[in-house]
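In what follows, structures are represented as C-alpha cells.
What follows is a pair of complexes built around chain A, which joins chain B in one and chain C in the other.
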Partner chain A sequence: MAAEMRLPAVHKFISLPTTSQSQDDKQLVVPGEVITSDTGFMRGHGTYMDEDRLTASVAGEVERVNKLICVKPLKTRFNGEVGDVIVGRVTEVQQKRWKVESNSRLDSVLLLSSVNLPGGELRRRSAEDELAMRDYLQEGDLISAEVQSIFSDGALSLHTRSLKYGKLGQGVLVQVSPSLVKRQKTHFHNLLCGASIILGNNGYVWLYPTPDQQDEEAGGYFTSLEPVSLSDREVISRLRNCLLALSAHKVLLYDTSVLYCYESSLSHQIKDILKPEVMEEIVLETRQRLIEHEC
Partner chain B sequence: MAGLELLSDQGYRLDGRKAPELRKVQARMSVFAQADGSAYLEQGNTKALAVVYGPHETRGSRSKSLHDRAVINCQYSMATFSTAERKRRPHGDRKSSEMSLHLKQTFEAAVLTQLYPRSQIDIYVKILQADGGNYSACVNAATLALVDAGIPMRDYVCACTAGFVEETPLADLCHVEESGGGTSLSLALLPRSGNIALLQMDARLHQDHLDTLIEAAMTACKGLSKVLDSVVRQHLKEVSVLTRD
Partner chain C sequence: MAAVHLSEAEKVYIIHGVRDDLRLDGRGCEDYRHMEIETDVVSNTDGSAKISLGHTDVLVGIKAEIGKPKPLVPNEGYLEFFVDCSANATPEFEGRGGEDLGVELSNTLYKVFNNRLSVDLRSLCISPGEHCWVLYVDVLLLQCDGNLFDAMSIAIKAALFNTRISKVQLSENEEGGKEIELSDDPYDCMRLDVENVPCIVTLCKIGHRHVVDATLQEKACSVASVLISVTHRGTVTCVRKMGKGSLDPESIFEMTEAGKRVGKSLHAPLMRLLQEEESLGQKRQKVGFLG
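What follows is the complex of A and B.
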C-alpha cells in the first residue's frame, strides 16, 4: 500500500479581502492590559480590578454593553447557558444522577428526575429505577441534552425531557472549539445530503444517518443497531472531514456553512479533503458562497 | 575561572552577546488542535513545548479538589535527546519534580484560580533541547499556552536567568555560562506590576551584588515580556480576522 508523506508546513490562514474593513472597530487586549481607568464601568467576564483600573485577564476582544465591559477570549472551554443544546459523554453513574463530560469547566449533571424514562412521561421514579440507571445510560455513552440550569459553582444541570434528546447510537463525533458553533434556533438539522447533524453548543458535533421514523415509546433511549449503508457512511465521513476543514480555518459552523462546504468538497475524494491545499480550496469556496448568500 | 573566559575584555560573552543582551526568542501559539492551549518557544537553543488542559473536573482522587479555587497541576519533563548526552529520564525524578513544584508556585501567583472552584488546570511542559534557562523557557512557553487556552491571568509571567561574572550581571545565561560554576539566579516576574512570582538562586553571592543582579534579571524579564506580547498580539490579529461574524 502506498502511503503519502509530507513535511510540516506553516499553517496559512486564508481570509477574503472584504473582511479587513471591520477590523478597526475591534479592540484587542492581552492579559494585564488596562482597558480603562474610568471607574464608571462595570466589570464583566475576562476582566479584573487592579487598583481601580479595569484590566483584562484574557487575550481577546473587548465587548461593551452600555456600562458593562467584558473580554471575550478567542478560545475557551464551554460556558453553558440555559437552553443550550449539548452533546456529552457519560463518565460516571452516581446516586440518582449521571455525570456527563461536556467540554465544560466542571462535569455536567443529568439527574434521574430530569430524563424521560420509557413508559410515559409522568411516571414516578421508584427505587427500581435508581437501580436500573445503568441500563439506560452507562459510562462511555454519548447523549444529547439541553442545559436546564446552572449551579452556583458553574456546573451545568442537564435534562433530556424531549424526544429529540437522549442516547446517541451510531454516528461520528467531531470535537471543535465551542466558539465556532453559531447559536441558532435549532441545532438539530437533517441535511439535504442525506445525513443528520447535531451541532452541540459545547463544540461537540454529532453526525448520524437520518432516521426513518422516530420511535415514540423508547423515549430516546433506544439505539438502532441496524447496519448503516455504505452510501450513508460515505456521506457521514465526508461531512466529518468537511467539519474538520471548517474548524481548522475557523469558519462558524451552522447548517448552511456545513452544507456549502459539503457541496464544494464533492469534486474531491473523501480522504483528500484533509490535505491542507484541498482544505484551503474548499474553505475558500465555502466562504465565498456564504458571503454571496448574505448579500 | 578555569579556562573559559565568560566575559571578554571588550565586554562580549562566549556567544557574542553583550552582558544585558537576551538570546533570540521565537514562539508560536496554538500548535496542537486537541489541547485547550499550547505553545512552542525557542529561547536561543533552548526549546520548550507547553500544553494546557482545563479548567476541567479534577481527575483522580477527589480529595485534591479545592472548594474555593482551581488546582494547578504542573508536569515538567525533558526529552531523552534534549542534552548532549542521550539519557533516559524516568518520570518523576527529583530534579523534574522540583521543577514541577516551582512552575506550580509560579502560576498560582498569576492565574486567577478563584474563578474556577473545584476544577483543575493541567500544565505540561517538555524541554526538547536544553541549553540553559530551562525553567525560564518553560515559564514563558506555559504563559503563552495559558493565554491560548483563554485562562484568566493577572498578567503575563516572564522568567529569565541572570548570572554574575567579573562584577557584571549577565542576562539570560546559556548552558556553558550556567554550568561554569558561577552564580545563576532565576526570576519569574509579573512585568506590569513588577511583582516577583518566583526567585531562586543556587550558588553563593555577596549580598552587595544581589540588588544589581535582581535588577538585571528584572530588566531582562521586561524585555522578554515585550516579545511575548508581540507574539500574542500577532496571534490574536490572525485569528480574530477569521472568526468575525
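What follows is the complex of A and C.
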C-alpha cells in the first residue's frame, strides 16, 4: 500500500548537445511566425498568407519542396499514407465493412473484401460471411492493419491481407503522438527483453507477449485467453511505462530507443518509472546512449 | 463519464493482472498513482487546491459568503457543492453532457462532507439563527482518467486546509440592530480545523479482487465499486456502492476493511505535505497550470 504525494515541481528541460548537422537543417516555427516574406513561394499545409507574408498556422517543422512550403505539425492527428502500419479499434460493424478508430480525422474503413477469412485466401465473400462479420471482429476489438488506399475525403481504407495483420489478443495498448513514431522498414519487433511490440504509424503502440510459435494463427481470429505468465507481464508493464516516459519527453520511438530505455529503467521498480524525476533520469540516459550509438 | 472501449482479450489481460497483483502500470492492488498537490492556486478564492493523480486533474476553489443558517440547525454554517465537468476533460461533457455526472458527484460530496463530524460547522456560525458562513465548494474537473472521487476528496481537504475566512465582529448600532464588522487587517482570519475531514477511497471489484485508484481501463473491467470515506482515525463516515453489478457480503466486508486501511494511510502524508507547503510560504515557486 502506498500513496505518494508531493508538491509539483517546475519542469526543466535539459537539452543534450545533438550532432551539429541534425540541428542546422531544421526550422521550427510557432503559430503566427513569419516563415518568409518572399512572394516567390507557394503556400502549403499548415501555413497562411498574412499580407503577403507566409505565416505558420501550426507549431512544427518547416518543410520545403522546391517552391512549396509546408509546416509539419508536432502534435497532430494521424495523416495516413499508403503502406502505413496501424493499430486501430473497431467501433462499428456495417454492411460489408468495419469502421476502425485509428487516431485520424475520420474513422478508417476495413472492407470485408480486404480481410483474410479463415479457410483459404481466394474465396468468394458470400452472404453468410456478411452475416457472420461480427464473429470475426466485433466492436471494441483491436486490429493491426495496413493502409491500402486513401479516399477522396481523407478517410483511410485498410487491409489485413497478410498473416502478420489481424485481430490482436492479450496485451496493452499505449497511445502516443503519431509524430513520435519513427518510420521504418518494419514496425513489428520481437524485443530482446521478452515481449513483442507493434509500433503503429498512427501512434498506437501494441505490446504483447511474444507468441511461442509463429505458424498457429487460425486465420488470425482465434485469441487465446490463457493467463499470461507473471514474468511476461512484468516486461510488458515496464515497457509500457518506458513508452510513456519516452513520449512525455518527446523521444522518437523505434526498437532501439525502446530497448535502451527498457535497459536503463531496470534499476528502478516498474511503478516508479512514471515518477517525474525517475522518468527524466531514464530518458536522459537513453538519449545519451542513442547519441553515442549514432556516432 | 468518458467510457473507454476494450476488447475481451484486453479485459482478460487486466483481470489476470489484478489477480497476480501486477496492474498494467506495475502497481499493486492497493497502490495509488503518483499524486501532485498544490494549494492556493486561484487568487480570487478563499482557499483553493489543485491535484493531479495520474492524468486526472481536479481544481477546487472555496468561497466563503455570509448567509442565513438553516432553520433546523441555527448555530451552524454549511457547505454547498458544485461540480463542473469541463469539456476540456472529455468532449462528452460539452454543453449539458456533464450535468448528470456533476449532480451525482456533488450530491455524494454533500453527503460526505456536510456534517458536523467532518467539518466543525459550529465555527462557521456568526450569530445563531441570523448569520453564518456558507462555504461554496466549486470543483472543476480538468481531466478525467478514473478515480474522480478520491482525487476530489483529497483536493477538497487540501482546499479546506488552505481556506482563510476573515474574522468578523458583531456590534449593535443605536437602533438595537446588529451590524457585521469586517476586520481591517486582511491577515486577521480564521482557519478551519481539517483534522476530521474524511478522504474518499473507491475500491473497484475486478475479478475476485479489488483495486484502489482504478484507471479508466480498469474501471471498464469492473462491474461494481464501493466508495468509502474514512477519517484519519479510520472511522468510516459514508459507504456507497456504485455500478450495475452485485457484490457478495464477504467481498463487501473485505473491501470495507481494505478501504479503511488505505483511507487511514492517506491522511498522514497529505497533512505532512500541506504543512510543508505552508512552511515554505512565499518562497515557494508556484507551478500552477503550465508546469
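Methods note: the second predicted complex is superposed on the first by the 260 of 295 C-alpha atoms of A that agree within 3 Å, B and C clash if a C-alpha of one lies under 4 Å from a C-alpha of the other, contacts with A are read in each partner's own complex, and residues count from 1 in each chain.
Heads up, the rule we're going with is that a contact is a pair of C-beta atoms (placed from the backbone, for glycine too) under 8 Å apart; a residue touches a chain by one contact, two chains touch by 3 or more.
Keep in mind the model is a prediction, meaning the values are calculated, not measured.
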{"item": "Partner chain in contact with A:Val228 - chain B first, chain C second, else both or neither", "value": "second"}
{"item": "Partner chain in contact with A:Leu274 - chain B first, chain C second, else both or neither", "value": "second"}
{"item": "Chain B versus chain C as contact partner of A:Asn241, first or second or both or neither", "value": "second"}
{"item": "First, second, both or neither for A:Lys26, with chain B first and chain C second", "value": "first"}
{"item": "Touched partner set for A:Gln170, first chain B, second chain C, both or neither", "value": "second"}
{"item": "Touched partner set for A:Met5, first chain B, second chain C, both or neither", "value": "second"}
{"item": "Chain C partner contacts - residues on chain A that touch it in the complex", "value": "1-11, 89, 91, 139-142, 168-173, 223, 225, 227-228, 230, 233-234, 237-238, 240-241, 269-271, 273-276"}
{"item": "List of chain A residues in touch with chain B within their complex", "value": "13, 15, 19-20, 22-23, 26, 28, 30-32, 46, 48, 50, 55, 57-61, 73-77, 99, 101, 105-107, 153-154, 179-180, 248-252"}
{"item": "Of chain B, residues touching chain A in the complex", "value": "30, 33, 36-37, 54-57, 112, 116-119, 147-156, 190-193, 229, 232-233, 235-245"}
{"item": "Chain C residues touching chain A - in the complex, by the definition given at the top", "value": "5-10, 12-13, 16-17, 19-20, 22-28, 30-38, 52, 261-262, 265-266, 269-270, 273, 276-277, 284-285, 287, 291"}
